[in-house]
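Okay, here's the structure, questions in a sec.
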Amino acid sequence: MINIGIVGGTGYTGVELLRILATHPHAKITAITSRKEDGMAVAEMYPSLRGRIDIAFSSPDKAQLQDCDVVFFATPHGVAMAQTPELLKAGVKVIDLAADFRLKDVGQFEKWYGIPHTCPEILKEAVYGLPELNREEIKNANVIGNPGCYPTTMQLGFYPLLKAGIVDAGNLIADCKSGVSGAGRKAEIGILFSEASDSFKAYGVSGHRHTPETIAQLQRLTTDTVDVLFTPHLVPMIRGMHSTLYARLTKNFSNEELQALFEAAYKDEPFVDVLPFGSHPETRSTRASNMLRLALHRPNNGNTVVVLVVQDNLVKGASGQAVQCMNLMFGLEETTGLMHVPVLP
Amino acid sequence: MINIGIVGGTGYTGVELLRILATHPHAKITAITSRKEDGMAVAEMYPSLRGRIDIAFSSPDKAQLQDCDVVFFATPHGVAMAQTPELLKAGVKVIDLAADFRLKDVGQFEKWYGIPHTCPEILKEAVYGLPELNREEIKNANVIGNPGCYPTTMQLGFYPLLKAGIVDAGNLIADCKSGVSGAGRKAEIGILFSEASDSFKAYGVSGHRHTPETIAQLQRLTTDTVDVLFTPHLVPMIRGMHSTLYARLTKNFSNEELQALFEAAYKDEPFVDVLPFGSHPETRSTRASNMLRLALHRPNNGNTVVVLVVQDNLVKGASGQAVQCMNLMFGLEETTGLMHVPVLP
Amino acid sequence: MINIGIVGGTGYTGVELLRILATHPHAKITAITSRKEDGMAVAEMYPSLRGRIDIAFSSPDKAQLQDCDVVFFATPHGVAMAQTPELLKAGVKVIDLAADFRLKDVGQFEKWYGIPHTCPEILKEAVYGLPELNREEIKNANVIGNPGCYPTTMQLGFYPLLKAGIVDAGNLIADCKSGVSGAGRKAEIGILFSEASDSFKAYGVSGHRHTPETIAQLQRLTTDTVDVLFTPHLVPMIRGMHSTLYARLTKNFSNEELQALFEAAYKDEPFVDVLPFGSHPETRSTRASNMLRLALHRPNNGNTVVVLVVQDNLVKGASGQAVQCMNLMFGLEETTGLMHVPVLP
Amino acid sequence: MINIGIVGGTGYTGVELLRILATHPHAKITAITSRKEDGMAVAEMYPSLRGRIDIAFSSPDKAQLQDCDVVFFATPHGVAMAQTPELLKAGVKVIDLAADFRLKDVGQFEKWYGIPHTCPEILKEAVYGLPELNREEIKNANVIGNPGCYPTTMQLGFYPLLKAGIVDAGNLIADCKSGVSGAGRKAEIGILFSEASDSFKAYGVSGHRHTPETIAQLQRLTTDTVDVLFTPHLVPMIRGMHSTLYARLTKNFSNEELQALFEAAYKDEPFVDVLPFGSHPETRSTRASNMLRLALHRPNNGNTVVVLVVQDNLVKGASGQAVQCMNLMFGLEETTGLMHVPVLP
């Protein structure tokens, strides 16, 4: 069994980790920290876990995190980097679901997140946790920067096109839509039911933190200069993310060739599903599962390829992907504990 | 492996059966019928099942249902009773998710469902599939009438009170609320998104088919005459059912004694969870799982007991319960394939 | 023109007052207070009011409330009673949308609201603002305690039955369901979109503040002792309230007589609509309007009458009712500015 | 008073016309046709209209449409063109909310709508009913082709940019999102509550009927060749439309100049609201009103302008715009009966 610690188990990525790990055959959760809820049973806060998760939250000072095999940080940005050096010394692996280890460029990190990076030397060895593009590195990693939810869809959607060098890398557009759980479990007016339901809006259009992460990763795939115009929107649904990606073809490529390109790229991937050309994937077809599905379009047979990508932002976009990384890091079958069938309707 | 046939796999209880059986370790789905979708891959209609369910719908005449070990009917009322006699002769067990085998009284059936019952002799040996109240009979059954979703909550909520003989059996009130999926996957105006969302209403208040089923079953628990005033409502959510049950105490019973009564009644039940006295269970705490949760209240310390009961109407209220019955009928551990952790948020 | 001040214009009842008063032909909003948003244009917080409400929030000390003809308090409990004595001295009328002037019994107020009442002498002259039952008193009132949203539905639903003396007044049950906006615009976890959508729950079942208010008012209608078992629930919709009321008949009364009783009771009421017997009103049929609709049922022709009542909790259940009171207090036609057609779909 | 006939009053644009016209001071609804509902009171189908709309549906043959001053067609494509010739002969003006009179090019119409156009001669004199771009023609029109909902947002969002000639007209992208009411009130599986809620998807990505309409209208504004890549999506909300428009600048233009350009373009428009630069309009800020709001962005200060446009698809996107046209056609103040304050929350 893998002894697992979770820092910050009260948010949505935290409770989703608990849901997944509760039925993972090799996982043993030994510590969940929460300063505020010290002593409260996890199942008291989340009755959905009654009978399935028996431990209580403990304050960070009491939790024996150094005895774990791996610690997940489901915390705000900045928490993981404060505790990681000590954990690594104790031989504990770290998977951070926040942004502390996503951006290799410290200057970029500090610009977009507004806090100094406190362990740049660890940042150097940290591995970006997107298994489809980074599998071998993840297997040997001690520290994982788990990808942002939006960047996961943008990277897996643009990857085959950039790799093949057939689109204008400097003029990519990603019009993305997320369910409200992506904003976290925070007491904020803007994500109240009466504010966010039965309405739709964009946010962060002038600039969003997931842009530099996405560009940095996509740049690794091509020598052309990558630029992505990323526009996030808030959808009145709990889970689910839909990215509508636009890329201009620079080479002659038929629809059949495009489809073949994507199918070849992902044919061995257990969690990427390429739908038939011209399909319209729905976010609910991935709900509560680790699947990401995508489909290609060529509107009016013009020279723009549209890639539609859907995932559950809390699973493939966060906690499921983190467990997928854990499986790789501990030599388990990559799909272990992650084969939930999507919940539909 | 149990060879399984499903008649009517295109509705919500059908696709929910598929979701559950896809990860059931002893289930092998060998036939799914749909006259209209003959030849269409199941995963084409339900992309959530891509890579998980590989067979196609076949028309009823082509499906080799008589070679199955068990056939589930996820069909409108009346279909199961037409095909059950032949299946039984072929040694196939039948689990009907509709109402054909729920009411022992043929007259009642014909009054409420408006069609003649075509196999009253089978009705006699059919077993009502509520494991918590009927476990031993289910184990030996060849034909199961799977309970209605509302009746499941009403029976499990009122049962300990009636069994103990401490409430006025003739004056029970059940104010029940269901998610829209309970109405099925039918092209009807009233359950369109733009009709049913952001609104709330009651329906069938003057009389509903689940009343006679509930009364008949509850009557088995007591010699007092049972009467239930049942009021169903439609909630703008997909899954979930919440029943608010009112019963007047006829004996002196403290809150502690009431709580103890319920805890004793369900202490060995894997799918009934008695919450602490005074809790307010949310439907989402059971979402996509086979759990039913309930909690007791005594408003203003008066002589009315209020029981709050929640479940997922498609799982414990339908397909999960049917699989629970199947497990019992085939000598499997009752919880096999049914231990999904509720999806929250 | 009536010069109007609003204290606490940032909550949902506040912005709803603004929406209504923006097109009221005799209303002139001269002051809106908010300590926190002092100087911010109202339309900046609520872009829906751009071009319709031109003033800015001002801190309470700057607002010239004593120059108003009437001041609405759309504030938490306790604010109105602190400011009302001074306003009355200045000749300003007061309409409180919170509970400060709803309960005549100071002890009850202090028990349920947990704060001392600071102006019991004003409480004595305050008038309960339910026009259908209290019209004449409202016309001459200087201080209005605007009814709670739930109590409005319970009173108008039970009134004809109690008045006629044909039901068991001591055994009334009110199973009520409210949209989430009823919880106000507060940064609280429980009413986040990801917590409250796609789910359903009861709350406050063991005892709720609207019970004493409702009983006190209903008691004025009959010499029998009134008791109401009131169970509130939270519905995943923004606006709307549905109360399912149960009363046991103590006299022989046909369905036709019941219907006639209600039609007679409300035949001259512009905002109470009695639907045909056996109807199922939807909350959306009152959305964004001041209408309350109700319908009668007699399930299975038994001796329980079920009254289904719907309204928009923010209009007839709060701000619309407050403006209705204002119209009466200033000698205007009662329906002035309140004839919005419900928004459907 | 204007005597008004409505053909097809049972759909969402029909009931929205009724909601608006019920409080329009110069409107008198004299006939509403529905073959299927002949004789049924309008308020029986739509209880929200009880007491506000007193007439009943009548079958087309009984309705005296030729006695009306104007007839609205809230019908499927093809109905208006069948009846318009006769109405025009009788001196009745026609406003079609479907597509019969939107496309001047008969070939385009027949290609995209799959039916022959039966009155091309009337098509020639028909006027496209977008008042902001076509006001004078509308005043003198006898036949109006009311714009599609999506095209309204695309035209008003791109108009100032194309008029000024500062963007690449051949590479416009419109990523648009609509509430479910846009799909109409039809008994179809795909728009059931349990299918469309808590999920998000694109549709018609390979080609959609609103593309040729939009391009044809935008082409009138510039000599450059216009091309728009239009991608519609379905949002789990009832009303509301959000278009995210992308245009590449071909000239040096500061953000201040862009903002000034839009403010100048719409400074006298009662129903177009230009928000401050960098705002994120929400669809709910226009709910149930005839307002369209837009805001400009310049992501990462690059050379792409993003225009965010919101409206209520049933009002400015359909029935409200139609009434706006009617006001112009009959010499009334353009805003008559259309000054509803948006309903928020």
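Each chain gets a letter, A, B, C and D, in the order it is written, and its residues are counted from 1.
Assume a residue touches a chain if its C-beta (ideal position, glycine included) is under 8 Å from a C-beta of that chain, and two chains touch if they have at least 3 such contacts.
Note that the coordinates shown come from a computational prediction; the quantities given were computed from them, not determined experimentally.
Undergrad: Return the chain whose centre of C-alpha atoms lies at maximal distance from the corresponding centre of chain D.
TA: When every chain centre is compared against chain D, the largest gap points to B.
Undergrad: Can you check how far apart chain B and chain C are, centre to centre, with Cα atoms defining each centre and the answer in Å?
TA: Computed from C-alpha means, the inter-chain centre distance equals 39 Å.
Undergrad: On a C-alpha centroid basis, what's the spacing between chain A and chain B, in Å?
TA: 36
Undergrad: Two-or-more-chain contact residues of chain B, please, as numbers and ranges.
TA: Residues 12, 179, 181, 185, 194-195, 197-198, 236-239, 281-282, 284, 287, 345.
Undergrad: If each chain is a node and each touching pair an edge, is that a line, ring, star, complete or other?
TA: Per interface graph, the chains form a complete graph.
Undergrad: So in the complex, which bits of chain B are touching chain A?
TA: 12, 15, 19, 22-23, 46-52, 181, 185, 197-198, 238-239, 273, 275, 279, 281-282, 284-289, 293, 314, 339-345
Undergrad: Using the touch definition up top, name the residues of chain D that touch chain A in the complex.
TA: 173, 175, 177, 179, 194-195, 197-203, 205-207, 211, 227, 229-231, 233, 235-240, 242, 244, 246, 278, 280-284, 287, 297-300, 302, 304, 306, 308, 310, 345
Undergrad: For chain C, which residues are in contact with chain A within the complex?
TA: 12, 179-181, 185, 187-189, 191-198, 236-238
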